[in-house]
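Presented below are the structures under discussion, each in the form of structure tokens.
Each of the next two complexes has subunit A plus one other chain: subunit B in the first, subunit C in the second.
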Partner chain A sequence: MNDMSLVEREVTQDDIKITARDVQVYYGDKHAIKDVNVDILDKTVTAFIGPSGCGKSTFLRCINRMNDTIDIARIEGKIALDGEDIYDKRVDPVQLRAKVGMVFQKPNPFPKSIYDNVAYGPRIHGLARNRADLDEIVEKSLRGSALWNEVKDRLHEPGTGLSGGQQQRLCIARAVATAPEVLLMDEPCSALDPIATSQVEELIDQLREDFSVVIVTHSMQQAARVSQKTAFFHLGNLVEYGDTDDIFTRPQDPRTESYISGRIG
Partner chain B sequence: MTDATDMTPMSAPAARHTSGSLLTASARTKRRNAAETRFKAYGIAAIAIAVLALMFLLYSIVRDGASAFQQTYVSLPVTISAEVVDPKGNRDPAEMAKVISMSYGKVLDDSLKAWIAAENIQIPDLSEADIKSFFSNEAQARLREMVLADPSIIGETLDMTALTSSRVDGMFKGRVTEASAALDAKTSVAQYQLAQAMKDKGALVTKFNTAFITKPDASDNRAEAAGIGVAILGSFYMMLIVLVLALPIGVAASIYLEEFAPKNRFTDVIEVNIANLAAVPSIVFGILGLAAFINFVGLPRSTPIVGGLVLTLMTLPTIIISTRAALKSVPPSIRDAALGVGASKMQTVFHHVLPLAMPGILTGTIIGLAQALGETAPLLLIGMVAFVTTYPSAPPEGFFDPASALPVQVYNWTQRADPAFFERASGAIIVLLVFLLCMNLLAIFLRRKFERRW
Partner chain C sequence: MPVFWIVLIVLALSAAGFVLGRGRVMAQAQGDSRKLHSRPVYYGWSVALYTALPAFLVLLIWLFVQPVIIQRSVSKYIPDEAIAEGQTRGIVMGEASKIASTLSVAVGQDVLTRPEALTLTMDDTERLDRLKAAQLPVLTKPDVLRAAQQYLRATHIGSLWLGIVTLALSGAGLVFALLRIRPDFRARNVVERVMRGLLIGCSTIAIATTAGIVLSLVFESISFFRLYPWQDFFFGTEWTPSFGGGSKLGMLPLLWGTLYISVIALLFAVPVGLFAAIYMSEYASPRVRSVVKPAIEILAGIPTIVYGLFALVTVGPLIRDWLAQPMGLGNSGSSVMTAGLVMGVMLIPFVSSLSDDIINAVPQSLRDGSLGLGSTHSETIRQVVLPAALPGIVGAVLLAASRAIGETMIVVLGAGAMAQISGNPFEAMTTITVKIVGQLTGDNDFASPETLVAFALGLTLFVLTLGLNIFALYIVRKYREQYE
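Right after this comes the complex of A and B.
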């Protein structure tokens, strides 16, 4: 992983993709996210780190409105994608989620064939005019998630038959296939072994060329390896947000410093 | 250093749970093992009791009912005498139709007497009544139908099989013995001896009783002719109605409640009530059906449509509860995955959740149907206990024709006097159990077929 050292990967982008202003999230009476303000850049990997229960996953799920499916969750404040408020009444969450893809903690392929897993998104969004188009999208997505060579001969076998790391890359391919602009990843490597983890991390670095990637991770090493920007959450607050390089070497806030040096969390 | 500090409390005997050799079990361990052994013994005893009860049930039903699938027939040359069947001698169908079934008894009786004379059988006390009651009334009716259908057989002598009366039939099923025949007003020792003699000469044959499965019910004094044909058809029609109504309504209600409905007090009340409905005694549904479908809507009584509607109401809670359980058991990660790629809620449900819940839904539905198939009480209240001897016509008109149902037919027969009906009731239970077994096998098959791993 020496090719992924911090020095080589400074931020080259400054187009803002997602803007969050004064975001509050309540689960029933619990105030889970407090006053979060953050600007997430395009074509950049942004890592959310912090101890368990700090709200980083909750905030991630706000970005594609997955929290809508939780009855007791209530969101205040403003989150804008390319300047458009995603919590506006006119926004259909289904359309939003086509633009903001998501990869989950546990690999969750559909119990269908590898091909159908990847083709599902394009099918329901009508992205392919014919079978050949769809084949092309599937191949491109699987190549994009570095899985093509492993599965090209068994596209019609069940996706659940793959190994954990392959399943997770299949889930990434599935998310990529709908041509999103933002890719959210909720601890995508927490269920994977170190080899599969490094494959997925490499992939994340490639994905940066096409997407704005937001990744929640428990592992500070992972954040340091894959991200250009890092946000540190603690007890529902966004404590510090900046270049990964700065967060890990020159943290401004004492809480960040304690966390990355292993004293809290 | 750490080793040394750890060693200090370890060496204090009071703090240790195990002392002594590992090779001898401590008293505490022995007690725990004994408790476990006792518990296993209770479990095995419970299973043994259940299996024994089931075996006894099956044994007693098969013992009483297996003979319903056999029936004794007289096999004789029958001379169809023209004086009896066509007294005017003009072969006019209208005239011949005036001769009632009862008169055809003379044709059979005369043939039997002729056979006895030809075989030179001597039975001292054999009376006219013994000959007359040897045949079933059903045999006369069949003969009449034959003659009217084909008058050219008049005057001929044909080899025929004719149904015997239930008493004669019983002589070959252990139901009627020589001793019991002596005390029975409907048979006699002479008739018993005649039957044995005919059996020896091959004039009585025992055949598989297809009529039992295909023919309708018969009146009290023709037990030997009673069948479950109408009951099977009626039950089948009702199951069709239940399946067509309860499956879509139940599945739609469950999907809405489980996936779409907001969780609030109102849906909580609905949920509790559905659970309660499943526990409502079935006879209450019968009263509801009587009040709602027959008295209010005005549907005809004793019909599969009303029975089917009542059983649908009864089956719905079962289907809803099992469908909701099946939907709940689909892992939420599948829903997240589908929503995450931008599927709408409905696409998520129909493309991913429903296929995974399918085995559970089908199993629940078939269990519900099986329950409905065996249900008697509500059908009694809507008049399906009526005596029906005509088949309902083909659906959909047939849904509005009177019919019987298998469990009701069983109930009905156990009320009647002739012991032959008891045998038939047990036979009908066997048929019912076979249907239930088939449905359960179908449920297992479907579950295997649709089961997927995730």
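Right after this comes the complex of A and C.
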């Protein structure tokens, strides 16, 4: 519990980054997300936990409008990034996603070299003025995702040739290189072994210095280890949201208590 | 006994064997199929296979061997004197077999009885008149008639024995297989072994056919190169065959025409097909896609001769009147451009359909990854989806290319038949395939280099398309390994 309180003391930020009000999501006839209200803080790791099919990934995908790519999805309510409604007609989802990056459940490196994978975002968004700039961004991102030492001698080999854990860290580096403000992670460790998982978790903790990180996870231990804020979803409802420490030690809602003690799931 | 009836009887026997075999083993096991080594149907099948397979095998071999033996026995009845000047033994034998079939028709129509037919002589005017009255006249030499009668007799005896042997074999197989059946008999293993043999046999047929085609091409090509120097064939730039002799058979003009037309076809088909595929897989809604894709694939179902007609009556004159003549590049109705464009239309479905499948096979996670980084839809397609699908697309293009190289009808009607090397796409040219047809049609001596050159051309074409196909398969396979 000691290290827990250590983490808690570090939550000094209370700038609100993302505000969600009365968010509803429908997949066709299915009402997947019901009345979700949440404020996500800047420079904080926020964990979404809950049983399978509870809507936590769906809600995550609302934050960078990835649900737009699914034809039958329909979203109501208001989600604001720095006070600006991201579902406003004037907002282009492409620009939004440059600010809100995403790392997926399964490592999905592009069939390109390691270098080109990381340089993909910066090139698209014109973040580098010249080749040296780009080299620097790539190196910084790879260092940031603790992958640099492992790949610095084979930057021009295909990214698909890395191990699963390395691929996932490459995907994180790729997201970081785009210089987002928020980083969404959809179960980033579910396809990884314990060692790779702990490396990625360590990385997430470091990323908090620069970004607001939102992570969906199935592992309550992981939520407890990496996050400062936790939201518990159940059947499309946001049941409880608060400091991670409080959620795991003094849950207010009986459903939260049942879930974290393993009675429902 | 007609072969048809033999086949039917054997099939009936083997069906009976199936029922009997299954019934017998179930009776032995007191109706409890768990006491059996195999499931009951396998016992039935083992009997059925033993009844049918050996009988059919013998039947097949017999049908191949019998004519050879009969030919030989009949041949003895034709003395050398009976072969007229300028005739060969084969021609006389053909006449004998024709008369034999006339006689057997006569017997079938009750014009003659069988003994009457077998004892017919050329002096017997009464029977000959009866035949003439039935529109079945027999007019030949006595020797040939005797040969024909021997032919008839031998065929009759042959088919009689064929019936006896196959039915006996079938019955023996039935009894043998039935007696073998016991609950611990490994019927499934027997059936599966036979089935595997059958599968192997079928795949062997395909391979053997390919080998046969290649061998026949190779042998004919060798005899061509005995008559005509290979350097002149491969490096000659003039194609002027003349059956009177002194022909020049250089294949370069044909190869040039083939490649020129194929390149134009691909230059048209690849961008159009690829863009159509991108639209269908990335932008079209499922409803539009379900209409557009089959509609494009209809193109693949149009016979190439119809494309040829389209080239001849529509595209050819159009290109001549609106492009070639205004630019002063010729006034030929048939041109490389015409054939190339029409062939390109034909190839669109090959490129688009395969590319569409390949683009769809690119994992959605890659698209999500790219979109999640804030790239636009088109950036995602250009920088992630297409590079990932590229090996497969190249494979599709190469398959289309080998189709283009082997195409004949569109070229005949669209590009004409003039063998020449020219850079002007509005001039008539021709391809290897067209000239193969040209050299083999008509009443020509089959041993002259002018005819045999077709086989050398065919071999060249075969090597060309085979190389392309192997290359395409190699690339497609390499691509498959990437996501598994």
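Annotations
The rule is simple: the second predicted complex is superposed on the first by the 255 of 265 C-alpha atoms of A that agree within 3 Å, B and C clash if a C-alpha of one lies under 4 Å from a C-alpha of the other, contacts with A are read in each partner's own complex, and residues count from 1 in each chain.
Methods note: contacts are C-beta pairs under 8 Å (C-beta built on N, C-alpha and C of every residue); 3 or more make two chains touch, one makes a residue touch a chain.
All figures in this text were calculated on a predicted structure; none of them were measured in a lab.
On the superposed subunit A, the two partners subunit B and subunit C do not both fit; they clash. Judged by the touch definition given at the top, the superposed model places A:208 against neither subunit B nor subunit C.
In the superposed model, A:56 makes contact with neither subunit B nor subunit C. Of the two partner chains placed by superposition, A:169 touches none, neither subunit B nor subunit C.
By the document's definition of touching, both partners, subunit B and subunit C, reach A:160.
In the superposed model, A:94 makes contact with both subunit B and subunit C.
When the two complexes are overlaid on their common chain A, residue A:43 makes contact with neither subunit B nor subunit C.
With the shared chain A as the reference for superposition, subunit B clashes with subunit C in the stretch 439-447, and the other listed options (25-33, 61-69 or 439-447) are free of clashes. Across the two superposed structures, the residue set of subunit A contacted by subunit B and also by subunit C is 64, 66, 69, 71, 94-98, 101-104, 106, 108-111, 120-121, 124-125, 160, 171, 174-175, 178. Listed in rising order, the residues of subunit C touching subunit A in the complex are 285, 363, 365-376, 379, 383-384, 387-388, 482.
Against subunit C, the residues of subunit A that register as touching in their complex are 64, 66, 69, 71, 94-99, 101-104, 106, 108-112, 120-121, 124-125, 160, 171, 174-175, 178, 184. Those residues of subunit B that touch subunit A in the complex are listed here as 262-263, 331, 333-344, 347, 351-352, 356, 452-454.
On the subunit A side of its complex with subunit B, the touching residues are 64, 66, 69, 71, 94-98, 101-104, 106, 108-111, 120-121, 124-125, 160, 171, 174-175, 177-178.
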